[in-house]
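Each of the next two complexes has chain A plus one more chain, namely chain B in the first and chain C in the second.
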Partner chain A sequence: MLTILFDGIAYGMLLFILACGLTVTLGLMNFINLAHGAFAMAGGYVTVVMMNRYGISFYWCLPAAFIVSALIGLVLERTLYQWLYQASHLDQVLFSIGIVFMAIAATDYFMGGQQQLINLPPELSGRMDVFGVGIGRYRLFTIIICAVLAVALQLILSKTRFGSRLRAAVDDRRVAMGLGINVPLVFALTFAFGSGLAGLGGAMGAEILGLDPNFPLKFMIYFLIVVSVGGTSTVSGPFLAALLLGIADVAGKYYVPAIGPFVIYALMIVMLIVRPNGLFSRGGR
Partner chain B sequence: MSVLPQETTVSASSSTAAAETRAAKLMKRRSRIRFYEIIVWIAAIAAYFLLPSKMLILTEIAILALFAVSLDLVLGFAGIVSLGHTAFFGLGAYVAGLMALHFIAEPVTGLIVAGITSGVLGLLTSFLILRGSDLTRLMTTLGIGLMMAEVANQMAWLTGGADGLSGFSPGPILGMFEFDLFGKVGYLYCVGVLFIGTMIMRRIAFSPFGLSLKAIKGNPMRSAMVAVPGRKRIVTAYTIAAVFAGMAGALLTQTTAFVSPDVLAFHRSADVLLVLVIGGTGYLYGGIFGAILFTLVKDWLSVITPQYWMFYIGLLLVILVLIGRDRLSRWVEYLPERFSKKEDR
Partner chain C sequence: MLNRRMLIAAAGVALGCLAAIPAAAQETIRIGLILPMTGPFASTGRQVSAGAKTFMAMKGDTVAGKKIELVIRDDAGTADQTRRIAQELVVNDGAKVLAGFGLTPLAMAVAPVATQAKIPSVVMAAGTASITKASEYITRTSGTLPQYSLPVGTWAAANKIKKVVTLVSDYGPGIDAEKWFTKEFKAKGGEIVEAVRVPLANPDFAPFLQRVRDAKPDAVFVFLPSGAGSLFMKQFADRGLADAGIKLIATGDVTDDDILNSMGKPAIGTITGHFYATAHDSPENKAYVTAFKKANADMRPNFMSVGGYDGMALIYAALEKTKGDVTGPAFMAAVKGLSWTSPRGPVSIDPETRDIIQNIYMREVKDVNGELQNVEFQTFKDLKDPEKADAK
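Let's look at the complex of A and B:
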């Protein structure tokens, strides 16, 4: 029972890291980016290639996955995404679906369609017993990393100069520009950072979530659930939503395997009807 | 003193009458049969005689066209971005398959039952899309689509699960026309349903009802202020679209005598959006033109790169959006607009 809870928390934490970049692009910049999973997949494949082909340590792969995904994000934002911030939602949806299709086919072409496996370093694999609760070492590692990242994100967004610039740019683009904030730069950096986090999540999740070319489509709905249920005004909203989703999904798959995914979708729809602006949003708009 | 108000009443009532006739003329002009419509249907019939070996792909085009036209009613007229339209397509496909397997093998009955079932699902789910923003609707429709796929996958005792539903063969249409091996009857059947469906949707879309849908799409608040019942209209349009999407699914089942879980897959929703983007939204025939182009391109790509055609479909989407998808469908405006020379100005 507690083991399931623990696994669920680890899964939820992972979902948070994967989805929090989307919180910013979708929630704050109002861009419906269905291609967010593609960046996560890029990070996962960077890890796989580095570990399995070149034998580089897992710990070096994580920052590399972050950097590569962030760079891809930065390049795509500057070349393609920035033209569509003002476009209609339909255009954004079509565009990002196009990106997803391209990413899936390209990955299939270069890496093959099979599931990719990574070998964790020995000190991270296996389980240990803490007061009779079986705890996977790797899951503990995931929880610690993600918790640190979540706290850091909250601090960056609320305490630093960059965070306040970002919030200003999101609240009112024109006034922010008038105050001398380089809004395109802020958006580009934010987008890159979000993509990088997704890449990091993809790298860490290769063990737990699995990794194959269909990753962006398979997990798209999960990211969207986290963002839409969590709301977009804070970091803590999506964080709690991701935890809930992770625990519910793991428990659902364990206790009622036949209707597990069904429960998640049904819950999401009910949630959207009852609270269209997210579970933790402040007041109505 | 008492003359003046009376005079204004008279002039007001006469101007109301004038406005009414003007409005009637305007509506008539909107709904007039365009030149290209005739071409489309003549071409559809001509294809039957000219391309006897291409019946299967032509059937595919007709089915996709009906599916896309039904989405245009939701997207192009009511302005709802739906990622789950395939839920109705898939439901129609499964219902038609189950009908043929367990009850009546006659296709038209199956078609109607499938349409009604999908319509009921559309009516039930339409209340979910009334609230919230574009994003909420997107998520809700996507969620419904995924849920349907999950249901079809889990209820293996009914749907055959991942293996799909097979082992049935549709009987002769109306008890008279047997499906033949080359798909000729199947093609005529699909084109017939497409024609009737398009004509019904055309009647709906170019009526004052369709105009009010466009008003809701343009600005929900203003349309509510001129007393357009937005919620009711969206529910109606969504339900009608669901009916025809279900019929398109039923056609696919009946012409292939097989239902695979693929009918509910996400990429189908994306495909049909792409079809509408290629053909243009908001005038129904975009679905037909788009279906022709899309199927031909997809067919051509899957010959060149059997495994990686998805990449080029994605590339096409990205390019289309970046150059502006409105420009693509503007060619229709260059065609001669008037078909009949009847005076109606």
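Let's look at the complex of A and C:
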């Protein structure tokens, strides 16, 4: 019972770290970036290449995955995305889904279509028993990292100057620029940060979720569920949503395997009916 | 002046070739190879096409006085595309034989085309038993899931395994595997404690594995498509199921040779039943593996590649028998009862069902000279597809 809860939390945390970058771009920058999973995939492949080809330690791969994905995000934001901030949502969707397909084809061409596997350092593999509850070491590691990140993210957005600049830039771009805030720079940094988080999520998820060129499409649906249930105006909303979905998914598949896959969708529908603007929305905008 | 002379010589050669082409073109037989070269099943396409090409590299591109030309088309793993491509190949490109088909639905989509146009179609990868029933122009060189799930049941019952949980992907092949393993295992006195079906698009195996663990069986029987299988393997070890005394037995898809080596330690000791292992010990296989690795940057040939290789072997052998006649009825008559020695061992085509008859090997994953290999330790000789044998 507790093991299932624990697995659910770990899975939810992983979903959160993968999806929270999307919360930032969608909620704060009002840009629908379906290609978010592609950045996660980039992070995953950075890890695979570093570990399997060059034998670099897993712990170094995590920051590297963050940095590389963030850099890719920064470059793409400056060259492509920034022209679409003012475009309609349909244009943004078409553009970003195009990026997804290009990323899939490119990955397939360079890395091959097979499932990529990494071998974790021994201290992270296996499981231990704590008061009779079986706990996977890697899952515990995932939970700790993700929890720290969630808190840090919330603090950055609500307490720092950068966070308030970002919120100002989103709420009213013109006034913010008039006040001397460098809006394009703020957006570019935010986008890069969101992409970096996705990359980190991809790197950490490679062990649990697997990694192949179709990653961005396979998990797009989960990102979107997390963001739509959690709402896009806060970080804590998607965080709780991801946890809830993770636990519901794992528990549903354990207790009622026959309808397990439907549990999260049912949950999503109920949540959207009860709280159409997300768990902690500030009301309709 | 050397340059001008070379130019003239080159022109002469080119003219010579041009003159030769019409004569050769009449003798060319086009084989349309339809495979998922992109998308989630791209590794299937890559392996099958590499196997087919390896055959042609080893045996030459002429048979019975005809030149064989492979036309490889990508269907990205979607059935409507497979069907459209099959029609185009037959109508526009004049393909006389179709082959490939990475997945069951893709093969099924081509069956009506094969029947109507009387085009022989060679299934090189898809594994659901019923495919060959869809058209009398379909034959197969891979294997069927019942064919290699059943011996795993026989082996398990004979090796002190009493209680088993089955865990399969919830789609055609998975259900085939579950059904035939269960049937055989129960008939031999075993008990199935629980049957778990995992959705095909499933990111995390945690809940299913926990269910297996809590059921405390002697072993868990698994069928999953190869990519998902490797992921499963890691989580199986991580969850300590092996330490809890639960054995992992599976179909060979789970320990796919293509990625087996990257699975690492957790894979060691897994028992699987399948028709081909890269480590199979025979002169034919040694020659095949060497040629394959040379042409494909040291990639390991897996069971899908050998399906492609034998598909070409079948086409060559049938053409030799018909003296180059590729019309559907004549070709299919020649296919029935064909037998040859494949890298996987002796194989033949069942004259009644057009499906393959082959040995199924029980293998264990072992570390051989620093590489993980499926090492064969027991052979079930000349098995037919039990599903169709049973129907009679």
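The definition used in the following text is that the second predicted complex is superposed on the first by the 279 of 285 C-alpha atoms of A that agree within 3 Å, B and C clash if a C-alpha of one lies under 4 Å from a C-alpha of the other, contacts with A are read in each partner's own complex, and residues count from 1 in each chain.
Basically, a residue touches a chain if its C-beta (ideal position, glycine included) is under 8 Å from a C-beta of that chain, and two chains touch if they have at least 3 such contacts.
Just so it is clear, the structure is predicted and the values come from calculations on it, not from any experiment.
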> Which partner does A:R167 reach: the first (chain B), the second (chain C), both, or neither?
Replying inline: neither
> Does chain B (first) or chain C (second) touch A:S125, or do both, or does neither?
Replying inline: second
> Now for A:V250: first (chain B), second (chain C), both, or neither, which partner does it touch?
Replying inline: second
> For A:I32, is the partner it touches chain B (first), chain C (second), both, or none of the two (neither)?
Replying inline: first
> In the superposed arrangement, does A:L80 touch chain B (first), chain C (second), both or neither?
Replying inline: first
>> After the superposition on A, what does A:H89 contact: first (chain B), second (chain C), both or neither?
In response: first
> With the two structures laid over each other on chain A, which partner does A:I259 touch: chain B (first), chain C (second), both, or neither?
Replying inline: first
>> On the A-aligned overlay, A:L272 touches which partner chain: chain B = first, chain C = second, or both, or neither?
In response: first
>> Tell me the contact category for A:V100 with respect to chain B and chain C: first, second, both or neither.
In response: first
>> Using the superposition on chain A as set up above, list the residues of chain A that contact both chain B and chain C.
In response: 105, 108, 261
> Which part of chain B faces chain A closely enough to touch in the complex?
Replying inline: 75, 81, 83, 128, 131-136, 138-140, 142-144, 146-147, 150-151, 154, 266-267, 270, 273-274, 277, 307-311, 313-318, 320-322, 325
> Where on chain A does chain B make contact in their complex?
Replying inline: 26, 32, 80, 83-84, 87, 89-91, 93-95, 97-106, 108-109, 217, 221, 224-225, 228, 258-259, 261-262, 265-266, 268-269, 272-273, 276-277
> Can you list the residues on chain A that touch chain C in the complex?
Replying inline: 3-4, 7, 10-11, 52, 105, 108, 112-117, 119, 125-127, 134, 136, 138, 207-210, 212-214, 218-219, 222, 249-254, 257, 260-261
> What residues of chain C sit close enough to touch chain A in their complex?
Replying inline: 38-43, 45-46, 196-197, 199, 201-204, 206-208, 210-211, 226-228, 230-231, 234-235, 237-240, 258-259, 262-265
